[in-house]
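As structure tokens, the structure follows; a few thoughts come after it.
Chain IDs A, B, C, D, E and F follow the sequence of writing; residue 1 opens each chain.
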């Protein structure tokens, strides 16, 4: 499936931490460049996410704030 | 100002394209890794955004979808 | 690609309207049930979106507000 | 109250699952078509959400990603 | 309609500016405290938004970043 | 850091409630006008957020729905 979201950044999972309903997943996009995602525990199970997986961070352009 | 948003990714502006009210800004986060932001034209003017500027992409963790 | 977003709703494109940088796309999810998406013009072109296409509406669970 | 959000989809609650601060609510929009919402536990209590309730899923157009 | 969104802030419209598909609306929440909303032109027309109108700014709790 | 987000509303923290991974923070923007933010527990710790702190609510314009 191809997505309208402008940003599909490939990375590798460094950590998966589940809470009671929400999980945090940390991806490495490039050496020293990580991004944190907050998704449902269900999504972690459905996708079988685990450390070392090759995945992508999908981000809509309006969700990217610029700071200067 | 320090932010609660988990992702503050430093980058350099590659392109700024204004529409009638909304602008698109492309940042380079690492060699070959770019991210596109959609912000208001006003924000482009207020921050004086232009090609080559060192800026950051600020992204909340719940706005990062994982694709596998 | 499988996504962490909880909602992947299949539909058919009823209309595509481009603005200067942002486009509106209307999908039919079920008879009489439509959903409107606002995406970049670039995404419309990249995906080659046109009336009649079978596509999906991808929506994160935190983006669904409940009204009662 | 009438809303600027372009999508107000009527449905019926199939399930409500509370976590420690966040709850997941599943709505049926049409036969076989469900949508999952992630809201605060407080919102579940304030609206008195329970299985069988007639409610609406309110979704902003920019929050609808298109996949093809 | 009662909403799961935690923030329903009453205000008065100070300005409405339409673009090609997207409009910007400025609300005054309290003396000297304004908030800017970006919605579709269609929403402006459907709600008949104009300067002086008493409206509310509806904001989900996850959409509020804290800066310190 | 200056932000592209159109809304930077100054306030004072009235309450901080941590869940298992997500926390809720209530700010007072003006007498009788509060706003609730949902952020990660990590963000609460990183920013050292506590009752009485002077902080800002940062909100993108597209995240402000208008209700009338």
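What we mean here is this: contacts are C-beta pairs under 8 Å (C-beta built on N, C-alpha and C of every residue); 3 or more make two chains touch, one makes a residue touch a chain.
All values derive from a computational prediction rather than experimental measurement.
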Item to check | Count of contact steps on the shortest path from chain B to chain D | outcome: 2
Item to check | Where chain D and chain F overlap in contact partners, by chain label | outcome: A, E
Item to check | Label of the chain whose CA centroid is most distant from the centroid of chain A | outcome: E
Next on the checklist: For chain B versus chain C, what separation do you get between their C-alpha means, in angstrom?
Outcome noted: 23
Checklist entry - Can you give the whole-Å distance between the Cα centres of chain A and chain C? => result 21
Checklist entry - Tell me, which residues of chain B touch at least two other chains? => result 1-6, 19-20, 22, 24, 37-40, 42-43, 47, 49, 56, 58, 60-62, 65-68
Checklist outcome for this item: Contacting chain pairs, sorted by label, are A-B, A-C, A-D, A-F, B-C, B-E, B-F, C-D, C-E, D-E, D-F, E-F
Item to check | Partner chain C, residues of chain D touching it in the complex | outcome: 3, 5-9, 24-25, 27, 29-30, 33, 35-39, 43, 47-49, 53-68
Item to check | Residue numbers on chain E that touch chain B, as the complex places them | outcome: 17, 19-20, 22-24, 38, 62-63, 65-68
Next on the checklist: Going by the contact rule set out above, which residues of chain B touch chain F in the complex?
Outcome noted: 1-6, 37, 39-40, 42-44, 46-47, 49, 56, 58, 61
Item to check | Interfacial residue positions of chain D with respect to chain F in the complex | outcome: 1-5, 19-22, 40, 42, 58, 60, 62
